[in-house]
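Chain nomenclature is as follows: A, B, C, D and E, assigned in order of appearance, with residue numbering initiated at 1 for each chain independently.
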Amino acid sequence: MVNYNPKDWFTFIFRIHKSDTIEKLWPMLISMAIYSGIISYLELEVWQLSGKGGLSNLSSMHGLLGFVISLLLVFRTNTAYDRWWEGRKQWGALVNDCRNLAIKLHAILPPGNPAREFFRTMIPNYAFALKNHLRNIYHPADLEEAHDFEPTAVSHDIHVPNHLAAKMLQEVHTLYRQNIISGDQLITLNNDLNTLTNVCGACERIKNTPIPYSYSAFIKKFIFIYVMTLPFGYVFSVGYYIIPMSVFIFYVLASLELIAEEIEDPFGRDANDLPTETISKNIRKHVGEIL
Amino acid sequence: MVNYNPKDWFTFIFRIHKSDTIEKLWPMLISMAIYSGIISYLELEVWQLSGKGGLSNLSSMHGLLGFVISLLLVFRTNTAYDRWWEGRKQWGALVNDCRNLAIKLHAILPPGNPAREFFRTMIPNYAFALKNHLRNIYHPADLEEAHDFEPTAVSHDIHVPNHLAAKMLQEVHTLYRQNIISGDQLITLNNDLNTLTNVCGACERIKNTPIPYSYSAFIKKFIFIYVMTLPFGYVFSVGYYIIPMSVFIFYVLASLELIAEEIEDPFGRDANDLPTETISKNIRKHVGEIL
Amino acid sequence: MVNYNPKDWFTFIFRIHKSDTIEKLWPMLISMAIYSGIISYLELEVWQLSGKGGLSNLSSMHGLLGFVISLLLVFRTNTAYDRWWEGRKQWGALVNDCRNLAIKLHAILPPGNPAREFFRTMIPNYAFALKNHLRNIYHPADLEEAHDFEPTAVSHDIHVPNHLAAKMLQEVHTLYRQNIISGDQLITLNNDLNTLTNVCGACERIKNTPIPYSYSAFIKKFIFIYVMTLPFGYVFSVGYYIIPMSVFIFYVLASLELIAEEIEDPFGRDANDLPTETISKNIRKHVGEIL
Amino acid sequence: MVNYNPKDWFTFIFRIHKSDTIEKLWPMLISMAIYSGIISYLELEVWQLSGKGGLSNLSSMHGLLGFVISLLLVFRTNTAYDRWWEGRKQWGALVNDCRNLAIKLHAILPPGNPAREFFRTMIPNYAFALKNHLRNIYHPADLEEAHDFEPTAVSHDIHVPNHLAAKMLQEVHTLYRQNIISGDQLITLNNDLNTLTNVCGACERIKNTPIPYSYSAFIKKFIFIYVMTLPFGYVFSVGYYIIPMSVFIFYVLASLELIAEEIEDPFGRDANDLPTETISKNIRKHVGEIL
Amino acid sequence: MVNYNPKDWFTFIFRIHKSDTIEKLWPMLISMAIYSGIISYLELEVWQLSGKGGLSNLSSMHGLLGFVISLLLVFRTNTAYDRWWEGRKQWGALVNDCRNLAIKLHAILPPGNPAREFFRTMIPNYAFALKNHLRNIYHPADLEEAHDFEPTAVSHDIHVPNHLAAKMLQEVHTLYRQNIISGDQLITLNNDLNTLTNVCGACERIKNTPIPYSYSAFIKKFIFIYVMTLPFGYVFSVGYYIIPMSVFIFYVLASLELIAEEIEDPFGRDANDLPTETISKNIRKHVGEIL
């Protein structure tokens, strides 16, 4: 995630950050400029079409469909942002959950019990394993060793977060059978242990389910046809100014689609992605403080 | 579900996927082209109406109602998408729930207890039975045998997911009466067992409740009249260009309605439907890893 | 509720269903046509106002306010639809709840215990009683007898769903005192018993709370003035075509308000109302299968 | 709350209810009419500005900003309505909660136990106390006496709903210590007792937190400047018709802001406010029926 | 937070509050006026461009993109407001939670037990510590001493709210081991203790996660280019009136972005921020009344 000061307008407007959409769009913007230039040249100089024909009024179509395309892009923006924000909420829930688990286990486990050490290591391990799992990798160096858990011994084929959650739950039920955790305390821990798996499932859902294919295909086709037909009619009223005008309109519409694509899957390493690495480190720090 | 790379614009724009709306709409698009052509020919050549009459200003009506139709289609898109996404969330909840059940039963049941085998089979069976139930079929080959459960013996008349949930709950309460599951552990399992039935009910609700009839009828009538009256006025300003223009406008409006219809019931086998088959297989894989 | 195939466009467009808004609006549509005709005749033939005066530009007001009225109607549509859909969700929750109750009681109660019979009858009775309660009637023939419950003996004055819920809860606590239901099992049943009353309260809330009076009055006044002033200005540009144009615009705006009014209270017997009768029957069927 | 039949259009359109915005706005509407009249007179008769100058095109600014102002007012409407509806939901939750408490206590407490009488009085007392608390008054006559509770003895300084909730919780824990309420039953009562305080807190939050000051100030300034500059440009195209036109536009924009202000705090005695008085009485009636 | 009377329009419109956006924007508004003046002077007087060229129709681009920019700003407004309102809800949840904790502990703990004193001090301490934590400070003078807790002894490096929550939870589990709090009572307290940490985590999430960088950068670039190009085309139709017109349009668009930036992080000391100081004091008052 980019850390930034939202109030510094100057930087925003004049600096082109590497995650800016201009960075990715500029070849298409130049093609767009050339394309509009050719259309204008043909219509105005070669064929010398007069502005009285029907073609010059085609722009009324762009006016009519301007609502639809704007609303569709807002729909696209909203759904993409909702996933990004839901992803953030899930990681926020993970943070809360790890803290609650640590606080409760600290109050329940007697001082010196080796299970304290086990949970101090394993709770943050879960966060790191989930972070990597959502990037489709398994990186043992991120995890720390605990009694009965050896990061490098974990097979790459299995679902690592599930494996860690199962280990923690087994430890809790073992302590319950040893009467170190009472039945009432087990009940109070239950929800927190469930949440680990719920967060993992919700993040997988966000990652694996982009917006339905039909919408994605339709929006792209719509933008393409809309922008490609733009110069036909407008060239008669604005002349060669159609070149910056269609470049700017294309920039606006395509940027919205591009940003939506990027933030839709918020667990990678893109500039707008969630700081899962930092959150995992904070979990390790705070759990260490408490337990 | 179509697996696709949302960043590959070229394919999106030029390839016509079998689930594209153009595939379904082309006969209507051609009819629309012929219809606009006839209207234009009649108005311009046969009746030779001049562009000064009131008819040429009818297009102001389309401008005024352009907002309403756009906003209605966005309402339609939002409600359809919400069902699709809620369906996905419910199946995500099922995944989480099956994992939590497996993780807990793994920690609770003593090694070697035959109930482990029972739940390892029955939890994924529930997912497969639900998938088929939502497609109105019962397909015993998808389910696996367990002690006390024989897929081919299940009657086609009954509600299969309910039947499986009842079997699992009965097993849990039998283990509780045998003191293999303690009272505290029963309480921690309760929510997970409830969720099975809640997911099933929510999916049935989405499947059985399309958008109210009045909206569906009104939106279709509105699009039809809107597009049919489009050439009357615009023909005077754009001439024969009205043909591609009304085809494109019709394509945009009808596509939105068509996609909404398709994703509204997300449990079938359409290109945009949810991958319930794959999810069920993953549940079987992950429950097998844990239990 | 109307059962329909959302993909059958032809029927939607050309058939006028009895729940269509045209069915209710046609007297107003005809009045609107006559009214616009008179205004046009007066302005064009009697007073022979020229299209140069200020009146002909009054249509710019309709353009400006076109946004506001569209957005207001979408607000109206969204809030009405949300109530309809929340009503559906509540009945879906009732279905889930009845199934969960039945599944659990089936696992808890020993075979042959008379309480099985009691709950097999009373759980579906609750759904039927709620359905009738939301229609302000009490219809004993819908309910079935159980030991200690005689439908015809219930007073019409009392709140019947509460009465049934109290009976079921009393039975559960009696079984608890008899140690047939253990304390742990009581805790797992608690939520399901609460939900019965929660669903009832939520449905009463939806039924008794229409959109605030001020909005309802304001939207109707706004539509009325908007449509009534429409012919004044537009008649100069579209001539007598103003008649179908203002009829169509009135049809669109009034339909949205009319549909919203109808689906706002979804528990009656209107064409768009929820199928509470069918849902209640399904609850009786499924509870009977399980218990 | 005004009880009304949403389908009676005639009354809505022609009757001016005392809660109608026209009732409050008419002095401003008249000022607006005079103001537009003066501007028109000056521009048309005194300075005799021709419609060719730049001023006559200023109306394009109103077109451009028409979207923004409409969308802002919809934002305002949505947030105000959400508070009103959330307030209604909270009171609905209170109703459900009081019923569930009564149903459970009826099943738990032995017949004749004096605690039945206590809760029969105190549960409805809570609703009445909350209703008055949200109107910043304490009105002992609304409350009924119970053993150990004397309405007139309550100090006006303290937080009365908290005081009542604390009394009820104390009674429950006393019964628990006397073994009249078992531990399992205590757990099932816990959530219902929490909800009393949660409803109170949520209502206080709605009441004490209007929309951020900046939005309120900005929307009012924006409407004011927008409407004040309206006659400058439009007078050239519509002439003296600008007077009704700017009055109507002002009526529409200001009404939306006015209604939003009124329903934002839904716990008072305004025409659109929630019927908290009636709901409290219903709670007393239904709790009396059950307990 | 500014306390204000939302019905006092006069003050809103004519008084410029220090938190008004005009206060911050005026240097930019003056620059905008100068810039438009220069462009107008160049186009009209120096280059004497006629209004027939293409440049004068560039304003159609601003019309087309007017939808997009309005909808984007509404998206921005909605997301910022949602964070503000979620922040308020979280503090409301904290209020409810502290009251519920106090009410329950009052009913559970025997009179005179020193733990009463401990919780009477520590529950409000948590609110004050959270308030300061969200402002990145630690201010021991806000906290009160309790047995086993010395505000000035707390290290500045650790996470203070976590530290306080851990202390409270430890006290509860100690009382549980001493049988002063029974197992059933422990279960009923569990949720309330979890909520403390959940509120803290949710507030940290809101504070640390502004809207994705790409949107923030894109919206600012878009507003900038949109407003900068505004005078080019409009100058031909409105003449020097372009100066107030572009100043006003810039004022509207930039204000929306500015307000959104301010309320996005609602835990500081800005005029629109939440009254966390007052809420904390109320918690101390109400907990003191109860416990």
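Here is the rule we go by: a residue touches a chain if its C-beta (ideal position, glycine included) is under 8 Å from a C-beta of that chain, and two chains touch if they have at least 3 such contacts.
These are the chains along with the protein names UniProt gives them: A, B, C, D, E = Bestrophin.
This is a predicted model, so every value here is computed, not measured.
Chains compared, chain A against chain E: the Cα-based superposition rotates one onto the other by 70 degrees, nearest 5. Where chain A touches chain B, under half of the residue numbers in use are shared by the two copies, so each contributes mostly different positions.
Taking the mean of the C-alpha atoms as each chain's centre, chain A and chain C sit 37 Å apart.
Along chain E, residues 63, 67, 71, 74, 183-184, 187 each make contact with two or more other chains.
Taken as a contact graph, the chains are arranged in a single closed ring, with each chain touching exactly two others.
Beginning the circuit at chain C and passing next to chain D, one meets the chains as C, D, E, A, B, using touch as defined.
Put simply, chain D touches chain E in their complex at residues 53-55, 57-58, 60-61, 63-65, 67-68, 71-72, 74-75, 79, 158-159, 162-163, 165-166, 169-170, 172-174, 176, 183-184, 186-187, 190, 194, 197-198, 200-202, 204-205, 209-218, 220-222, 224-225, 261, 264. Of all residues in chain C, those touching chain B in their complex are 1-2, 4, 6-7, 9, 12-13, 17, 19-21, 59, 62-63, 66-67, 70-71, 73-74, 77-78, 81, 84-85, 88-89, 92-93, 95-96, 99-100, 103-104, 106-108, 182-185, 187-188, 191-192, 234, 237-242, 245, 248-249, 252-253, 255-256, 259, 262-263, 271-272, 286, 289-290.
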